[in-house]
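Here is the structure we will look at.
Each chain gets a letter, A, B and C, in the order it is written, and its residues are counted from 1.
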Amino acid sequence: MTTSDRKGNRGILLLLLLPGLLALGVSFVAPLLWLLRASFSTSALGGADGSWTLANYADVVLDPFYWRVAGNTLNYGLTVAAFAVVLSYPIALFLARTTSRWRGVLTALAIAPLLTSGVVRTYGWMVILGDQGVINGTLQALSLIQTPIRLSNNFLGATIAMIEILMPYAILAMLSGFGRLNTQLEEAAAMLGANRLKVFWRIILPLSLPGVITAALLVFVLAISGFVTPRLMGGGRVFVLGTEVFQEATVTLNLPLAAALAMLLLVLFSSVIVIYRRALRALEA
Amino acid sequence: MIRHLTTGLLAATAFTIAGAAVAQDANVTGTVNVIGFSGVFAENYETFIISAFEEQYPGIDVVYQPSRNSAETLALLTLQKGDPTVDVALIDVAVGIRAAQEGLTAALDPNVVTNLAETPDWARIEGDRSIAFSQDNLAILYSTNTVTEPPTSWNDLKDPKYAGRIAARLADTRGVILIPILNKMAGADYKETIDPAIAAMNEFAPNVLTWDPAPDCYAVVQSGEVDLSICWNGRAQYLHDTQDGVIGIAAPVEGSIGQTNTINLIEGSRNAEAAQLFINYALSAEAQATFAEKSFYGPVNSTVELTDEVAQRIYGSKEAQDAQMTLDWPFIATVYSDWIQRINREVIAFN
Amino acid sequence: MADKHVIVEQLVKTYPGSGAPSVDHVDFDLEKGEMLALLGPSGCGKTTILRMVAGLITPTSGRIRLDGRDMAEIPVHKRNMGMVFQSYALFPHMSVAENVAFGLEMRGVPKAERAARVERALDLVKLRGYGERRITQLSGGQQQRCAIARSLVIEPQLLLLDEPLSNLDAKLRDEMREEIRDIQARTGVTAIFVTHDQDEALSMADRLAVMSAGRIEQIGTPRQIFDRPATEFVANFIGAGNFLTGTVVEPHQANVPGLGMVVFGLDAPLGKDVRLLVRPHRFTLNGKGENAFEGVVRHLVYRGDTLTLDVDVKDRTFLVDLPTHAGTLPERGDRVTLTVARDDVTVIGTAA
């Protein structure tokens, strides 16, 4: 291939990328920059004025309440990610390894919940976990409990619902990250004297780790940025950055503060992504 | 007979005078674009206020555009500043005050909006740039299925029998309105301290199942998820009438405060004349009385006389009616987010 | 028979839902230190046999015995067999040394001993000094060696190789053939390997089992298979051949219609029809004596060390391979006389 050919190809490549880049620029980069700008200005009607100030960040950083909210958000994200990953892993592993002709159907089934919105599924969980919900109703009918157990309107409920809502994402991320899994490697390990448990620990688990980490990251990011489920299932008690951003933006109408909080969330994302990249590199090195 | 004749004459004269005024204004033509609350409010407003106005002013066309909430309306107005497509906005008083202060709304002309004369001072905000026109009282809703003895006092929220049976969304205007009520019960002035109100909230906090009822504070009563819910009267009355009376409404004897809705002329409106005619009608005793009867929103016009039945459904018992309060809304606007923050942090968060 | 190292008896594998068995009553055995090639076209069941021996597939029926022990109840990880996979199946998340050490680790070999044995195994496959490398840093041939080292370090009772050379390029393949043969000889390990490549099978194995459609067509030494094919399938699958059909009219003589009398060295019953095979390179040109056929060179291809001719003899064409030399070679249109010694005319089906 000659140099001019390559240049031509690059031109075509750029041309092909252009619509995507434009869309990304308009729908993502521009609003993000606007948000960044807003976080440095003073609250004004329906948005922010053109002034420059660090007051919003000072408000956030100097307020122990927001540190608690940030800590709570981290806790929420980690809890949801840990459980979503642990619960999704066997499913994803089965789907990745099965040779059943139903594999396609089963995979579709596992990710089918994505077809309904998270809001709808959250309401479903409210029906299941509420004081008069399916679980409490059953336990009471069986006379196992007298008064309902508080399963919703708190951190527990918000966590349970979020775990289930994000599991399809975890399964998808794992399936895409299980590329290095290969039954022949398991057979090779078995031939070398590894029993099933050892095959799992020494071969399947390490090789599926990139998928697991990707899934954990995805779930974590989605969990800490969520506000619908924490709000609906948390009974107003679950204070995470997502709900705080929503509160500041729509109730208190302090958009710059909301923007600063959103930036804090973004910093949280970025640091997690840096950790993720390090971890992945360490795994693949 | 003579008395009847006199009455008839008087009525005829009144009609003639009114007719002359209408005839003069009836030459005004144009379109008034109104943006306001959605849902039942929008339906009632279009049916009982806008239609009636358009009958009187055939040359004016009023277009009603529902908005999800006042914050969104505000965002739209800000975006259109200088070149508005909206002429009249119906928004929460807190938002109305901010809009007025930012110059998004225009001062009304008392010679055109003659009904300003019948509007009390507290409702004429920021030099007539924002006018309160209706109030929706904060009330305690209860489930008629599970609650045999309806609550009568705000103190009933503390009753241990309601443990885990109360929905209270307080991190918004509801909480901001409840503070002066609870404060007054404790004998304190909300302009000085709100500590008594916060303490009172913390007394019933253990009973609260959810601080953020979903989908809203009415549905959780209807569904039986809670016994009590701190909520707005107007919509609750509507739901009581249309949903088999499951939702009962208790207006506590200590009195209440209404969430106040304002009507605003938008600065730079291209139909300012027609818009002010519409606002004048919206502030009239006739319009306010009708709206009070149809939607159980408290009127603001001081000449409106409500029937006992309507007054009862808006404000509760005579005792409650007498205890009804109004607020210094411009002051509230300055403390609005601080109060919400205190409720969030001292009552709700991590409790 | 009972003292054989490996005995496979009446082995059958039928997959559910498929009518014909993939492996159909297969018997074979191996002496200690012997190398057996399972040779056949793809889908003939050779890999299935290998996997059944390994324990990766459960036989439908039949028995596999190793050192007299029935393998039926012994799970894969306890069979102590080494296996070299076609894809090598090296663990990508471990270094070369870790790969090789894996089997020892599973057997609880102490660390120090493990290291020494890994070292020796890497020496054996000429990978000394590569222990710390990642698998992805190895060339195809090096990966192959690593896979062999990994399977040998556990001192398996039986080494199984599944198409071990198919992923290598031609030159490396020749090299590795020698290498594997050499390693096998030095370690004395008994081995079964699967291949579809006849050259590989002939050059590496002590004995070959030629398979077709789940059955073993013939089992024997490379020479037996090549020179005494038991079936026409075997004759065809291994090397090229000229086939003739004739009737035995006298001992060692058959009348081939349209060609005449053909003399052969083997015994065949009188009056019977036989299929005769002459390998192309067993012909000589312009010789004298028995089995001389006159013909015309219709087509020829010069291949360097051989010259391949199509020679029309009466109404048939013989495929002939001749060694090349500096002198005059036949050309297209030349009249030639092909001769073949009677011992180079094989009667198919007379193998032991």
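The rule we apply is simple: a contact is a pair of C-beta atoms (placed from the backbone, for glycine too) under 8 Å apart; a residue touches a chain by one contact, two chains touch by 3 or more.
The shown structure was predicted, so the numbers you read here are calculated from the model rather than taken from an experiment.
Overall, the chain located most centrally, as judged by its C-alpha mean against the mean of all protein C-alpha atoms, is A. Chain centres here are C-alpha means, and the one lying farthest from chain C is B. Rounded to whole angstrom, the centroid-to-centroid distance between chain B and chain C, based on C-alpha atoms, equals 93 Å.
Centroids built from CA atoms put chain B at 40 Å from chain A.
Inter-chain spacing, taken between the CA centroids of chain A and chain C, is 55 Å. For chain A in complex with chain C, the touching residues are 180, 182, 184-185, 187-195, 198, 202-203, 206-207, 283. Across the interface of their complex, chain B is touched by residues 44-47, 65, 68, 72, 123, 126, 130-132, 147-148, 150, 153, 231-232, 234-237, 239, 247, 250-254 of chain A. The part of chain B that touches chain A in the complex is made up of residues 69, 71, 74-79, 95, 98-99, 102, 104, 164, 169, 171-172, 208-212, 214-215, 224-225, 336-337, 340-341, 344-345, 348-351.
By the touch rule above, chain C contacts chain A in their complex via residues 54, 56, 75-83, 85, 87, 89-93, 102-103, 106-107, 150-151, 154.
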